[in-house]
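Both complexes shown next keep chain A, but they swap its partner, so chain B is in the first and chain C is in the second.
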Partner chain A sequence: MTVPVRKFDAVIVGAGGAGLRAALQLSEAGLKTAVISKVFPTRSHTVAAQGGISASLGNVQEDKWEWHMYDTVKGSDWLGDQDAIEFMCRQAPEVVVELEHFGMPFDRLENGKIYQRPFGGHMANNGKTPVERACAAADRTGHAMLHTLYQRNVRAQTQFFVEWLALDLIRDAEGDVVGVTALEMETGEMVVFHAKAVLFATGGSGRIYAASTNAFINTGDGLGMSVRAGIPLEDMEFWQFHPTGVAGAGVLITEGVRGEGGILLNGNGERFMERYAPNAKDLASRDVVSRAMALEILEGRGCGKDKDHVLLKLDHIGPEKIMSKLPGIREIAIKFAGVDPIKDPIPVVPTCHYQMGGIPTNYKGEVVAPKDGNPEVRVNGFYAAGECACASVHGANRLGTNSLLDLVVFGKAAGNSMIDFIRNERPALKPLPANAAEFSQARLARLENQTGGEEVADVRADMQKCVQLRAGVFRNSENLARGVAEIKAIAERAKRTQIKDKSRVFNTARIEALELDNLIEVAVATLVCAEARKESRGAHAHDDFPDRHDEEWMKHTLYDGQSRQLAYKPVHTKPLSIDYIAPQKRVY
Partner chain B sequence: MDELELKRMVWRSRRGLLELDLQLAGFVRDVLPTMDADGQTVYRDLLLVSDNDLLEYLNGKTVCPDTRLVPMIERIRASRRTD
Partner chain C sequence: MKMHFKIYRFNPDVDQKPYMQDYHVELEPADKKLLDALVRLKAVDDTLTFRRSCREGVCGSDAMNINGKNGLACITDVAGLKQPVEIRPLPGLPVIRDLIVDMTQFFKQYHSIKPYLINEGPKPDRERLQSPEDRKELDGLYECILCACCSTSCPSFWWNPDKFVGPAGLLAAYRFIADTRDEATTERLDNLEDPYRLFRCHTIMNCVDVCPKELNPTKAIGKIKDLMVKRIV
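Then we have the complex of A and B:
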């Protein structure tokens, strides 16, 4: 069967903040750019970001990019690459002001400058005192970013392919990336997108966990496609848990709530964060807070009849501030927890929130993979940015608001790298391999013809339970080893999923089966990587190895999905211009 | 609404916000097919609303200015959350 081919200079998979920022760069440079998205661009998961975007603008209090960098390195628990972190923190003021000029409606101070508020982990003077660094557009920062960037892209004539599901990456015999296959939901037809350069900006994979703040679309498609194309994944053991997901629902209560004065209480009514983080208290970084909460619950000091959550109290900050600064939070609490935070505290639990690992890139957004003994050789024509990528700026733990920043900094940087590559190295399309669509066709045919298999929803639920139980906030050797065995067995079942509805057009069951192929790759990667890392660092808290072990473990994990083997590569310890920030104990 | 349109509605009920997924997934699967053509058309139009606005309407924080959509919003609000 012949598959139609569409040709572009650049193809971007994903229309969240990262994909749109990159697309804008490319389209404005006059390149023919396609953006493929499985949902309408402004319904990408970036729309969920409420808390804000960080930049050391210093509009409220003195701030410097060096302090932002220090916080990010410390937050990463010294696993972040310091060249990439310097690049991001230095670029931050510029890219945020650029967004402002694009028309993004940031909250303002009386003097007209962008309003900034304090946020967990944002400190002045290298970790000394909290500083206002988060810029926000009410509690709709992500929404405002998407709308602003989408409008600009329409103006710049980016071509959007909306409700198209990218299936697989196309690499030629030399390993260069020359396109992707994608399925148009409206027709059920597959098309080959032939491109000089491809960017993945497919977002996170939080749906591998049973308790997750992520929308249903966050299925790690870019990671699955990479694994199937022989690209390794980096640092997949590191998942950030948001401390405050509404118990039982997963819906997020933004960290801004604690920035504005909300505090956590255990079953004894104690403000327990004072014990775990005497300085930052409730504003300590996410993993510190999540771990403290998990410990309180584990040690019997939880709340409620099952003592399975803690409480987030904010009645003391007053109804006016709750209404003006945190308008969305009250509704969430009423709807999903059944409490009004003006009067009563909100029940919360640590909930999977953000994926630190992903497709390995350098700070230019170029995908890099090991080759001939060099751990970081550029994969020609392949780029990644945003949550699906690992630059690595977040290392073992991301600071709140650094993700939106990551999207625009590395979306833009990747766009620029692609422009260079297309102009200087790939002025013409490289030929497609003869069998460009065969692999994807075989996957679709498998689903079409499968008999005697299992329901997608059942396999997915078992995967989510396994990952939650074995690779959650608390980890130990026994649990992880069991998890590896269990998830491998579940992965076998995922190969035989069956769908009843075999129709072609807008077949959500078929899409969910294809998404599960991606989720399961991420789930296996997570357990295999986590089981191997015998230390505690950032979000990877290992009960049997409670300390960070820099000599042996200050290195990035690389997971090869085809062999399920691991390799490691060094952390970049040379910033671009300043001195190395040497490891210290990470206390808040 | 024909079967194809209903299927389109199922996919378009996948949103950027978990809160909406939690409220719409069950509704579109269980309730929408039982509604009359007018009701289904209203639901289709409701899905054109941006995620943050839709969430505010469903949370009762603001009232949807399009009065045609209001009964549908109330109906979804009254239905139980399903995942």
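Then we have the complex of A and C:
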């Protein structure tokens, strides 16, 4: 069966913050650009970001990009690449001002400048005292940013393929990327998108966990496609647990609540963060706060009849501030926790939130993979940005508000790299391999003809339970080894999933089965990478190896999905212009 | 808790016409919202088709008609619903399948108001300044999630979806008119100066009644009408 081919200069998969920022760059440069998204762009998960986007604008008190960089390196527990971190923190003021120029409705200070609030781990003077660095639109910063970027793309007349699911990456015999296959949900038809350059901006995959702040759509599609195309994944053991997910519901409560003065209390009514982080207290880095909360609960100092959560108290900051700066949080607390935070504290637990690892890239957004002994050789024509990518700016633990920054800095950088590549290196389309769609067709045919297999929902639930149990806030060797064996067995079952719905039209059962293929790749990668790292660093807290071990482990993990083998590559210790920030003991 | 649902079903691949299907389901204590119940139903019958994503009321995917009123499944308490719970696709838009409607017309109207800031002046090195009071004018406008609950509850939009911008699009139009940074108010008003585009709003206020974000498109439309009047006199 022949599959229709559509030709573009650039194809972007994903229409969240990174994809839309890149699209804008490409469309405004006059390149023929297609953005493929499985949801309407403003439904992408960027919309759920709440607290802010970081930039050392210094609108409230003095700030410098060097301090932002120091905090990000420290936050990453020295696993972040310092060239990429410098690039991001230096670019931050410019890209945030650009968002304002695009029309983003930031809150304002009395002097008319962009409103900034404190956030966890963001400090002045290399870690001394909290600084207002998070630029915010109330507690709806992601919504404001995503809608603004979409609106700007409407102006730039970007071409969108909405409710299309990308299936597989197309590489030619030389390993160069020349396109993707994608399925139009409404018709069930597959198309080959032939392109000079392809960007993955597919977001995270937090749905590998049973309890997650992530949307249903966060299924690691870009990571799954990369693995199937022989691209390694980097640092997949590092998953951020956000301290304040609503207990039971998983819905996110922004760190901005603590930035505005909210505090965490245990079952004794004690502000326990004072013990764990005497300086930063409730505004310590997320991994630190999540571990402290988990310990309080484990040691019997949780709240509620099952002592299984802690409380986030904010009534003392006053109704006026809650209504003006945290209105969305109040809405969520009322709807999902049944409490009005103007009067009562919100029950919260650490909840899976963000994937620090992903598709390996450099700070230009170019995907890099090992080849002939060199760990970082560019994969021609392939780019990644945002949560699906690992630049690596977040290392072993991301700071709050650095995610939205990552999206716009690296979305823009990747867009610029693609423009250069298309103009200078690949002005004409490189031919498609003869069998470009065969692999995707085989996957669809397998699903169509499968008999005697298992339900997608059952396999997915078992995967989520396994990852939740084996790769949580605290990890240990025995648990991880069990997790690896279990997840490999679940991955075998996922190969034989079966759907009852065989319809062509908007077949969401088929979509969910294809998404499970991607989730499973991420889940296996997570457990294999985590089992191998015998130290504690950032979000990877290993009970049997409680210390960070720089001599042996200050290195990035590279997971090859086809062999399930690991390799390692060095951390970039050389910033672009300033001196190396050498590892120190990490205290807040 | 056992619950009874009646859900609109239509798959153009196999069905001659739509029908209502009965579902009886035993909900778990964790199934608090209508979306939780729908996900549970889909685990049993994978042909049941609906959109969903964020499950916290901010992405706007799972708008549907619930017991006769438009709303988001993910923030609707399932326990409070009168049984059998009747669920239908958003009214007035073509149905693609089951609860999934074709939103082309809705987005076309949104796009028609030029939903982006227009300011062609030179860009300062830093952010443009805006006072907190001026910024406050955007509250209640910029938070729209484009779920279409409002426009598809509006009789004027049902009769003239191709001509009447509808409450969501008009709310967005006023969001830019109200923004002190935007320089295209005249152009925006010209764009709406038409017997249908703006003036088909008869202040029925269904939009206000259903908005899951508690926004008030009718008020925004009133302000646009005031500006229209002001520029005549």
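Rule of thumb we're sticking to: the second predicted complex is superposed on the first by the 588 of 588 C-alpha atoms of A that agree within 3 Å, B and C clash if a C-alpha of one lies under 4 Å from a C-alpha of the other, contacts with A are read in each partner's own complex, and residues count from 1 in each chain.
Keep in mind that, in the parts below, contacts are C-beta pairs under 8 Å (C-beta built on N, C-alpha and C of every residue); 3 or more make two chains touch, one makes a residue touch a chain.
The shown structure was predicted, so the numbers you read here are calculated from the model rather than taken from an experiment.
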{"item": "Overlay on chain A: chain C relative to chain B, clash or fit", "value": "clash"}
{"item": "Contacts of A:Ala491 with chain B and chain C, given as first, second, both or neither", "value": "neither"}
{"item": "Chain B versus chain C as contact partner of A:Ala29, first or second or both or neither", "value": "neither"}
{"item": "Per-residue touch tally on chain A - higher for chain B or for chain C", "value": "C"}
{"item": "Partner chain in contact with A:His143 - chain B first, chain C second, else both or neither", "value": "both"}
{"item": "Touched partner set for A:Ile217, first chain B, second chain C, both or neither", "value": "both"}
{"item": "First (chain B), second (chain C), both or neither touched by A:Ile334", "value": "first"}
{"item": "First (chain B), second (chain C), both or neither touched by A:Glu100", "value": "second"}
{"item": "Partner chain(s) touched by A:Leu295 [first = chain B, second = chain C, both, neither]", "value": "neither"}
{"item": "Intersection of chain A interface sets (partners chain B, chain C)", "value": "39, 42-45, 47-48, 140, 143, 147, 186, 215-217, 249, 251-252, 328, 331-332, 335-336, 503, 505-508"}
{"item": "For the chain A and chain B complex, residues of the former touching the latter", "value": "39, 42-48, 140, 143, 147, 163, 185-186, 212-217, 249-252, 327-328, 331-332, 334-336, 503, 505-508, 511"}
{"item": "Of chain B, residues touching chain A in the complex", "value": "4, 7-8, 10-11, 14-22, 25, 50-52, 55-56, 58-61, 81"}
{"item": "Interfacial residue positions of chain C with respect to chain A in the complex", "value": "11-14, 30, 32, 42-43, 45-47, 49-61, 75, 96-97, 100, 103, 107, 111, 114-117, 119, 123, 125-132, 134-135, 138, 142-143, 145-146, 176, 179, 181-182"}
{"item": "Chain A - residues contacting chain C, complex", "value": "39-40, 42-45, 47-48, 57, 96-97, 100-103, 105-114, 137, 140, 143-144, 147-148, 151-152, 154-155, 186, 215-217, 248-249, 251-252, 328, 331-332, 335-336, 455-457, 499-501, 503-509, 512"}
